[in-house]
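Think of it as A, B, C and D in the order they're written, each chain with its own count starting at 1.
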Amino acid sequence: MSDERTLDLLETKIEELKQLNAMDGIDLSGEITKLEKKLVELRRKLYSNLSDWERVKIARNPKRPYALDYIKLMFDGFYEIHGDRMIGDDRALLTGLAQLDGRTVMLVAQQKGRTTEENKERYFGMTRPQGYRKAVRAMKLAERFSFPVVTLIDTPGAYPGVESEASNIGGAIAESLLAMSQLRTPIVSVVIGEGGSGGALAIGLADRVLMLENAVYSVITPEGAAAILWKEKDRSQEAAAALQLTAEHLLQLGLIDGVIPEPLGGAHKDFAMTVAALKPSVVGLLDELRSLGIDELLDARFRRYRAVGSFRELGTSHEASSSDEKVSSENEADAAIISNDSPDA
Amino acid sequence: MSDERTLDLLETKIEELKQLNAMDGIDLSGEITKLEKKLVELRRKLYSNLSDWERVKIARNPKRPYALDYIKLMFDGFYEIHGDRMIGDDRALLTGLAQLDGRTVMLVAQQKGRTTEENKERYFGMTRPQGYRKAVRAMKLAERFSFPVVTLIDTPGAYPGVESEASNIGGAIAESLLAMSQLRTPIVSVVIGEGGSGGALAIGLADRVLMLENAVYSVITPEGAAAILWKEKDRSQEAAAALQLTAEHLLQLGLIDGVIPEPLGGAHKDFAMTVAALKPSVVGLLDELRSLGIDELLDARFRRYRAVGSFRELGTSHEASSSDEKVSSENEADAAIISNDSPDA
Amino acid sequence: MSIFKDKQYLRVNVDKAPDDSLWMKCKACGELVFKRRVRENSNICPSCGEYFFLTVEERIEMLVDADSFDNISKSIEADDPLHFVDRTSYQDRIEKAQGLTGLPDAIVVGRATITQSPVVLAVMDFRFIGGSMGSVMGEQICHGMETAIEDRCPFILVSSSGGARLQEGLFSLLQMAKTAAVRAKLAEAGLPFISIMTYPTSGGVQASIASLGDIIIAERGAMIGFAGRRVIQFTIAQELPADYQTDAFAFEHGAIDRVVQRANMREELSSLLGFFVEVA
Amino acid sequence: MSIFKDKQYLRVNVDKAPDDSLWMKCKACGELVFKRRVRENSNICPSCGEYFFLTVEERIEMLVDADSFDNISKSIEADDPLHFVDRTSYQDRIEKAQGLTGLPDAIVVGRATITQSPVVLAVMDFRFIGGSMGSVMGEQICHGMETAIEDRCPFILVSSSGGARLQEGLFSLLQMAKTAAVRAKLAEAGLPFISIMTYPTSGGVQASIASLGDIIIAERGAMIGFAGRRVIQFTIAQELPADYQTDAFAFEHGAIDRVVQRANMREELSSLLGFFVEVA
């Protein structure tokens, strides 16, 4: 089956034919039209049937629009605010005021880097404690002025390591969740790329959660799951499927509220089209949430999270295991000694 | 005039005479009684007329009872809580639950060290940002359970230096003031030793403020004021007097609510007697504050701080200066480029 | 003799199986030690001081007044919303863990008293798929907090968990949000939450409910942190200090209130609860 | 021409005295520069970029819409509650500072508009005893915040201060508490507080009101910090890095939101205020 690169090549060829057509007066327009139709058809075929793993790759594509691209195209006049007022400023998580459809919102957005230099500054999009604490500060500021909060999620995960642990990264994530659960202003979250575990959820406790069509959101990366559960890293594709981390799966599972369609081939094929699909959804949700009384909003948010989970009455729908096989508790335990945060290498 | 050391020597001699008396059957009791009376008289004379600078020295006397001494003698069952949940734990500021007169309070107490080793651990009693942030955490915890807060102030000042600035010591003090101004539970502060500027006030925004008789509370140390205003460090005695930093002065100025008498010679002469004087005052104030409604309490606290200041109608009570003398603005400016925090060396 | 008054959730209790030996070999020091002495010693090696894992029953027995524990766990078990299969099926892992521990999932919740103070206590069992937090654990923790609100008493959680349960995917991740949201209600009700972190308290459990205690107490020897050594070496290849994620590291960096010896934990709680008597 | 509509507080304005020279020597680069060019250049050296101090009038003129400033400062001046005398008396220092600046104390408060948005603006003058905060400054800041609450508009404070005013002793220190308490009311009223830190913002001003802005903007070249170099060398004899208490240091360590060139400050405020239009 044709892959994206082949189709990109075909697209280039069509462009070349068009130039030829224009330059030499040779009429190739019929052939070009046919080729273009073919290209669309092939693209549709390719992308209508993406595997979960292929979506993971699209979600991580560095050409994909990042937070700053949405800020430029979807919002007006981003006024960035910096610093946690305690130890530092995290460039992997941006906060600031912006206008959306003529009204002020507080943006809390994870930002990856494209160049090596930028990735160094932005820690490859991995948020540090000072980032989460800045986010909480920004959200409480928003609350004071009844500005809704819009969060854009795009991270491989929270930044691990000694520096992070020494500033209590786990506590910072927990405090952000607590703050968001009580924040007296509407919150809409959008997973625009990679929703990497606790590092993503930390800014994702919201009244409404959207995902772009090719974004992923998962308790662990497929690579991490493969390494821990399959004990083989090259089982990542299988793990990706098992984790049901795509927008479509998560919508079916009832864990998110909507999926924003992307242009054929992915959001990076057409930023403007992506924004055109996302913007009215966010505006619409904010309007809807603004129309609720604040206590009603908080009640609904509470009920949303209170209800999340999948379990059943003890012993109801499957036979008690009669297996005599003893498993090593160590082995089993091992399967769960994972961090919620294992970005891919 | 006799100083404390001479009197201490006399006291030792009297003790020796007593032992002699007991051992050899020689009756010295008449002489001893006379000497004891003389000692009390001399002490009274010495301490009834202490200069402000002498009080500064008593307030800094390392034999003086420190927070942990009060915790042991005045409160029951101190359950210390540690850490700011962000970067560290400050051993120069202790927080914890304790019982006072059978009821739970949250203690926030600055603690100096007596030994070199302890002073290293406790930064000579100078609080760091993690200390103020721990204090805020402790106070908000108290608020959740309606436990009153008792703060014991005893610090040369907040800890200066690169490490402190890098964690925004100024911001930490400011946030503590803001939090205390809004804290929905009674707060009583006691300056037990050195009330060193912003580093002390940071835990001293309270419904009632008491000072021990020989405690001091000042915008700057006498040494700092001498260096900046007199440009001569050995003018500290004069500066001490000018700053009106003693309990008696501050009570007269209406800036504190009460002065707790100390045993003759200072609190260090008799810890138990000091505590016996302080404890009922604090208990009484807490009872009084508990009897107020919480909104009433916060209103009163607001009015207390809203009103503080001494100024007059423009041009009302002194003639406009006709001085033609031009002062250098740089020189004048210099007089105020001080930190609120200049502990003595 | 089980400390659970209500045994309906206990299918098989491996620990109740007759000991096939009176002696065990300590993994830490290699000494052969008498099992009964280990048990009497709070499951600490009498030879080298190494802490061994406690079962939920042992942990509860160690903390609460004798016979006071009333298991109020909801009668639920893991569903398998993703029909998850890796080398083995999630269904199978669950059944085996149930068989191993005699518990429906990695946590038990109950009412109890500690020196006569009523509390709601939830205890994780690391043997059950690494004490991982899936939908059942999230629900039981919330149930515990809600019971504490009803009873107007403190809530105590003893964590021993590697993090979120992978096999429930995003359902597990969202338990972090769920427990945080209910924890806010406990705070609004003015009731204390005491979080006890034991070896290990990490990943999604450390980054949510366990870190939200009014008071956080680490059991001596606890491993506390967000990202495990493997993740860090995998991701950023950083050298890690020897004290990384130890109780001492967490304490030094202000993440926890206190570190307490296992044998003193009951007394610790008893004295702490004394300050909250007027709250309830 | 003064930008103050109401001149009752202005006794003498030194800056209005005729220039005895058209040229000045820059303290930073030593160049002789044309005074008018300096002034046109936001009081920045055209040769090396050094920022010179601004008078309150210059600062206000630089920030607000032309002729929009209405001085609403309370008609008060420093009392001398301690009858403070050092090498000279406080009374004398006050009078000289008043003579030098034409101001009653180190701050002026007024209503103004910035690109038509109404604000309450308070500006400190460093020339007035180092911009130190005594009772008058504390009262004027509170008055400014209270006026903002009445008007339902943002409050902007431009700090330039060495800290608390020593000569008023504890009265000065307590202004930190006073301004914090009133700042809480502004927050409760849902109105923004923009804190602008210029050279220098230190001591008791930095450790209270200036650090409590919803948004904190540093003017490029600002010195920001709690304890001055002298205090640190005096107290702990620590070596200080070159960037100690610079705007860059404060920014890197998360203490402030932004660093802005002096010439862009008006535009900065204008764009920031745009987000708060719906708040008032």
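Everything below uses one rule, namely that a residue touches a chain if its C-beta (ideal position, glycine included) is under 8 Å from a C-beta of that chain, and two chains touch if they have at least 3 such contacts.
Model, not experiment: these values are computed from the prediction.
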For this session: With contacts defined as at the top, give the pair, B-D or A-D, that has more of them.
Result: B-D
For this session: Report the chain whose mean Cα position is at the greatest distance from that of chain D.
Result: C
Exercise. Just how far, in Å, is the C-alpha centre of chain D from the one of chain C?
Worked result: 54
For this session: Measure off the straight-line distance from the CA centroid of chain B to the CA centroid of chain D, and report it in whole Å.
Result: 31
Problem set entry | Separation of chain A from chain D, taking each centre as the mean of its C-alpha atoms, in whole Å | 44
For this session: Determine the centre-to-centre distance between chain A and chain B, using the mean Cα coordinates as centres, and give it in whole Å.
Result: 53
For this session: Enumerate the residues of chain B that touch no fewer than two other chains.
Result: 85-87, 166-168, 171, 175
Exercise. By residue number and range, which residues of chain D touch two or more other chains?
Worked result: 211, 253-255
For this session: Could you classify the connectivity of these chains, where an edge means two chains touch, as line, ring, star, complete or other?
Result: other
Exercise. Tell me, which pairs of chains are in touch?
Worked result: A-B, A-C, A-D, B-C, B-D
Problem set entry | chain B - residues contacting chain D, complex | 158-162, 164-171, 173-175, 177-178, 181-182, 197-198, 201-202, 204-205, 217-220, 224-225, 227-231, 238-239, 242-245, 250, 253, 255, 301-302, 305-306, 308-315, 318, 320-321, 323, 325-327, 329, 332-343, 345
Exercise. What residues on chain B touch chain A, complex-wise?
Worked result: 85-87, 129, 133, 166-168, 171-172, 175
For this session: Could you pull out which chain B residues touch chain C in their complex?
Result: 77, 79-89, 97-99, 103-104, 130, 134, 141, 144-146
Exercise. Touching chain A in the complex: which residues of chain D?
Worked result: 187, 190, 192, 211, 214-215, 251-258, 271-272, 274-279
Problem set entry | chain B-facing residues of chain D, complex | 9, 11, 75-79, 81-82, 84-87, 91-93, 95-100, 104, 126-132, 135-136, 138-139, 142, 161-178, 180-185, 200, 202-204, 206-212, 225-228, 231-232, 234-236, 238, 240-241, 244-245, 249, 253-255
